[in-house]
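Below, chain A partners chain B and then partners chain C, in two separate complexes.
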Partner chain A sequence: MSWEDSLLKQAREIIDMYPQKRSAVGPLLHLAQSKDGYISDDSISVISKLVGITEVQLKSVSTFYSMYKQEPTGKYLLSVCKSISCEINKSDEIIDVVKDFTGLNNNETDKNGLFTFEAVECIGACGGAPAMQVNYETVEGLSPNNTLKLCEWLKKELPEVVVAEEMQEDFGGYKSFDWAISDQSGTTGSVPGFQTLKTTKERN
Partner chain B sequence: MNENVKINVNGTEIQSAPNKLLIEACEDSGIHIPRFCWHKRLDPVGMCRMCLVEIETPRGKMLVPSCTTNITDDMVVDTESDVVKKAQEGVLEFLLINHPLDCPVCDKAGECPLQDQTMSYGPGESRFVEEKRHFEKPIPISEIILLDRERCILCARCTRFSDEISGDPLIEFIQRGNKTEVNTFPNEPFKSYFSGNTVQICPVGALTSTSYRFKARPWDLKSVRSTCSGCPVGCSIELNSSQNKMLRILGVDNDNVNQGWMCDKGRYNFEYLNSDLRLTSPLKKINGEFQKTTIKDIYSDLDEILKNNNNVKFLLGTNITNEEYVSFNEFAKKLTDEEPSFYINDDLLYEGFFEDDIQLAKINDLNEADTVVVWSEDLKENLPVLYLRVRQAVKNGAKLIVFGHSNSTLLDIADYFYTDDVISKNFEIGDSLPMLEGVEKFINDKNVTAIIGKSTPFQADESIKKLVSYLQKYSNLKILNAFSTGNVYGAFHTLSSIKNLSDFSEEVNSDNTDVLFVVGADPIGKSIYSNQIKKNIKDIDNVVCLDLFIHETSELGNYIIPTSSTLGEKEGTFTNIEFRTSRIDKLVPSPGQALSDWEFISGLSNFMKLDNNIDSLEELNIKAYEGLAQQTKPIFDNLDKPSNLDGILNNFEVNISTSENSGTNCDYFVGKKLYGDNVTIRYSHSISLLGAKQFIEANNSTISKLNLNSTKCLLSQDEVEVPVDFIENEKLSDGIIFIPINRRNLNKFDFSKKISITPNHSKAALNVN
Partner chain C sequence: MKETLLLTKHMRSNPEDSHLIEVYEKSNGYKTAKKVLLQESPEKVLEEIKDSNIRGRGGAGFPTGIKWGFLAEDEERYLVINADESEPGTFKDRILLERDPHQLIEGIIITCFAANIKNAFIYIRGEYAKPARRVQNAVEQAYQKGYLGKKIFGSDIDLDVVVHLGAGAYICGEETALLNSLEGRRGEPRLKPPYFPAVKGLYMKPTLVNNVETISSVPWIVENTGKEYNKLGVEGSTGTRIFSLSGHINTPGNYEIEMGSSFGEFVETLGNGVRNGKDVKAYIPGGASAPWFRGDQLDIKMTIDDVANNNSMLGSGAVVIMDEETNLVSAAKSIVSFFAHESCGQCTPCREGTTWLEMILERVASGRGRTSDIDLLLDVCDNISPGLSWPPKMTTICPLGPSAVSPITSLMNDFRDEVESLIPTKILL
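Entry: the complex of A and B
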């Protein structure tokens, strides 16, 4: 076992939330990703022992979903939306700016481990298209110019934590609606196992 | 509710049992719907879309996959409409986008569902001109299975088999979309006892086995249906040969027995047939050296010997057909007026439960039972396909109660698994059975099928009886006696009396045996009584061995007669664990002067003018089943009828007369692993290494109590020293140390005495015998 006790404790708490151990696989893989920035084979072995399914079954789940990263990402994961609303609102220009600035193609990480760029499907911010995420924190209503500023800011300031609201204020434009639903219960709330992982704001 | 459902397929009305899948109902009525992913014995997934058919719905005609659609009354189905044809062509065109056109070098070509269905249902040409996807050509996913990912069409048959049927999902889909591939976890090979089945059910040439790869083309193969004699389950098999060489064994779907599956040992333990080390001519020991001789010379020697000595004993293996057992029985009867002494090469043989008040179970009774009780040797290691049937029973809703410590592989699916608090380290059962939590509600007045046998050779007969009488008292009990060596059930009803190796090691020690026949048995290499038996055999003046190879036992013989294997080299019958008798058939010639056991005995009888009427196989076959009703007699004429290919069930009288084992105090749990160090596995090169590792198992706390600081340790007792690996097995109870006795030299210890386990510091530790 290569996980620290605190992480294992958290994992067991997640497992206890479900009637069947294997149901906890989703949040546990996120937990693994929060540790290393990607799903390592070591983490898979740990989770396999915890939930009692084979390693290859976990590998199968983790490789199926593109948001479970198979390789370490850079300090900043830049996910630019390319789905229909953003596409109509010229997300290709945003993508070009990010590509030019970072010199990266889709799903590549730079040598310094600073940026990873990916063009992704809908991130749920259609009203504020075009939009992108930095480490899954969303910025809406982007212009090519602001996008460049955002990238430069990241490279210069190297903020330890990025928060959606701050980036939106400095670099964003038109915001669709308050997409961060505060109600944590009922059908609009997040899945119980994921709640333990907390949002960026809650963590910092 | 159970009335048949009527459906209309292509304008014809067919009837089928309710709750069937459309594809299955059509198949039963002779209407073939093409498919790749659907397999009768696996859950449907609807992966490949090849089985699309049109059905009429309130919203008009609709394409549905027939493998995920249940039939309903008055369903109207069209399996051949233009729309269906277009759909099939489309599916095949898509499947062939990335499938390589390497049929000329593919082992599957000629029996490939993709090839065949492309011919029958395909579009003829493809519109795709792009480069096909490429993967590294075959990657080994285990020691015996190779995977060619380019050929895979993602039907999920192999992954579903390993998940649903064998319960060891070590292969899965990795990635998604057009990058999807089947693979294992890095450094975690597809180490399954049932992996060969995935090769057989793969609808393309993606999975191949090392033993058959590039060996033959399917249209060159000769084939015959036979029965596997590896263990008493007696799986129905198809033997394939080309140019008189056995090349492949396939499982045949026998609904009563193996349902198409096989274990890998049964499937791949055949290459020894072609080994250069096979005995091909009779040998006679002169001045301690074996020298070639003729059968006639041996006959005249034996004639002389047998005329002058009358204490003759037989030590018989279990890869012997019923007819051959009869020939030994008839031969022995003529030699002496006393009860002939037959010892079966099996450490775990005991009297079992065959009395008149016992209801014997069939394998299929597992599916009918409310509760399945298991207390026997490790089923997965010793009766692998029965293990699959237990898994199936549990999947169908039966409750599973397992008594320890041997069947730890059933721990994951058992509803109750009783170990240390109920079963002592010495495999004795406590008195508190009815008080066990959980037992009552699953046993009392329920239909219980119990798989009962000895877990370890040292177990007292009494403790098993305790469990059986308890079950008998409270439930409607059927018993499946679990013995685990070859055709031992055939021996039960053909030989006039049967004893075990423990009896052999004691009885032969004390009396003056003059002549011993050892037939296809290597007790010295395999039995826990090895040392005593070796001494016994050395003391006997005339030892006649009938065997395939020279091994630890046959090398002590004065004569060795080369024999044919039950795997495709001779004809006969085999009786399985539920007393189902089926055919063993011949496909390839025996090497050199090798004879079937019965041919040798028959020839010897004639030479000695014994006049015992065992001149032909047919005579022996009829003799084997005297007293049975003509209808159910498993004689060749009956067995060859199409309706009897799956074998014929009979009630036989069983003649076991082993002496009672009152339990030996043993500190270790000794048992067999599927792959061992016996001659046939050693000379089958694909699997030869699988049984080579010497190890012992225990759980973590037991290991830590021994203060070993590495996994390498040394077992020693007197002058026997064996370096072994310590393997952690958390499924074992505290204090239990498992020793696999069918690994090299591990049967040489005296288990009733202490074996010291010390760290192995010396890298160059050698086996000292």
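Entry: the complex of A and C
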């Protein structure tokens, strides 16, 4: 096993939350993703032992879900929605801007490990279409111009914590609903920022 | 047409801090749960839910009281909240999770009391990171106050709640797939029978799986009685419902209304009309799985039964407006691509069929269609859902495959000219 003790401790705490060990597979794979930016063979080996299933069983779970990446992702995962409400609100233009700026095709990561681009299915921001997520933090009401500015900002400022509210204020537009509550929490990697995974922080 | 605020009342009155437990308590939050746990019987709660005639808000519209009544006896039973909201066009659970997580937790407490359940899970889609953080914070606050955990509210009742993140699979919104996912397996739907969640659910134990909006309605119903709830809306579609309005509309958003008005009225009043004064060419009445209605069908009433009688479904309550300039073939392709991407792969008609439909539509949309493509599309659809009738006949374990057929039958029934116009009549050599 080559996970550090602190990570193993965290993993065991997650396992203890569930009546059966195997239920922890989902969050443990998120944890693995937060460690390496993808699900490495090493993580598969560690997790399979922790929960008591074979590596093959675990691999078949890990490859089923689109958020568990099988190859290393960049610091910023750019997920542009292309489902129906975004589609009819010209999400193709947003996708083109991101592709042009990053030079990436769908599901590709740049050589510097800065950006990964993906065109994704519905992210539940249909009222603010077109919309995208950066490391699962949502920005709604995008224009091609503001999308470009958002990409430039990420590249220049390299924010450590990606915060939806900050991006929405500077680059977003019409929202699905009034977010109302001031929220400076965000994510620190290409995983959902979530307390249990310790992948969320407040912006300074 | 006006909104009727039940579920969204607290968040509207306290926009900036509705997510905090102290603010929720000032709006009389948790009083109902406390009263129920200390003074009432589980039977009384179930009676109220049955009297309310509330039907599940996830999409299928199954009566909630009957669902609870099916739950088999066992020492070990579970409640799983389905917060895997992923149906394109739908963003109603997101607002409930983000802005009023305690209302959901109070609903969970009352539900678990009524069904004698000691463990609940909230399965939130992985992409809903911010909503999940809010719910997790709320759960922790509730534990600190003694509203979750051991001997809650000083009663002799224990209840634990775990917030679980999904990982990007729409199919996990299907209840048995969700249970597989929560067990750490691939999110593949189980066969019903024998795997009805109420009998063989999570860990093969009796399990209630309910949508966020359904359970968020529970505190109001129990506080104000099922009879009062039943007075709202119309027969068969009682209470209020949060509709997610999107597409070519002036003011998209979530609107909580009593069911019974027409879609046209909804679009004109709360939606403030179609963007740039254009006409509606077509609209989706209940999420991407629902067959479309034409622009001249805006007088259909927004009730579960009216929409079903017109051969579609109110589904998740997601209304998507497409104006007169919309390329409907591209729109249909977007929906079919969605289902092709989200097919779990267990059943051949769905796995192969959705992929074929996507390829053919792509060909037609890009002007490379063949004259035989229309028949081919219909043939593939017929193999997924024989007879192309509504409600769809199934060749698959779950309804995902037949859902991909919906936009194509809509195109063929109502907009065939538009498809044909994209297909070159002569191939130039």
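Criterion: the second predicted complex is superposed on the first by the 180 of 204 C-alpha atoms of A that agree within 3 Å, B and C clash if a C-alpha of one lies under 4 Å from a C-alpha of the other, contacts with A are read in each partner's own complex, and residues count from 1 in each chain.
The criterion applied here is as follows: contacts are C-beta pairs under 8 Å (C-beta built on N, C-alpha and C of every residue); 3 or more make two chains touch, one makes a residue touch a chain.
This is a predicted model, so every value here is computed, not measured.
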item: Combined model on chain A: chain C and chain B, fit or clash; value: fit
item: First, second, both or neither for A:Q168, with chain B first and chain C second; value: neither
item: Which superposed partner A:T147 touches (first chain B, second chain C, both, neither); value: neither
item: Touching partner for A:E55 - first (chain B), second (chain C), both, neither; value: first
item: First, second, both or neither for A:G124, with chain B first and chain C second; value: second
item: Which partner reaches more residues of chain A (counting touched residues only), chain B or chain C; value: C
item: First, second, both or neither for A:D41, with chain B first and chain C second; value: first
item: Partner chain(s) touched by A:T116 [first = chain B, second = chain C, both, neither]; value: neither
item: Partner chain(s) touched by A:R22 [first = chain B, second = chain C, both, neither]; value: second
item: Minimum distance between Cα atoms of chain B and chain C in the superposition (Å); value: 5
item: Common interface residues of chain A - those touching chain B in one complex and chain C in the other; value: 53, 60, 64
item: Of chain C, residues touching chain A in the complex; value: 11, 15-19, 85-91, 94-95, 98-99, 119, 125-130, 132-134, 136-137, 140, 162-170, 181-187, 203, 244-248, 252-254, 284, 288, 318, 320, 322, 326, 330-331, 334-335, 337-338, 341-342, 344
item: Of all residues in chain A, those that touch chain C in their complex; value: 17-20, 22-27, 29-30, 51, 53, 60-61, 64-68, 79, 82-85, 87-89, 120-129, 133, 136-138, 164, 174, 176-183, 185, 187, 192-197, 200
item: List of chain B residues in touch with chain A within their complex; value: 168-176, 183-186, 188, 412
item: For the chain A and chain B complex, residues of the former touching the latter; value: 41, 44, 52-57, 59-60, 63-64
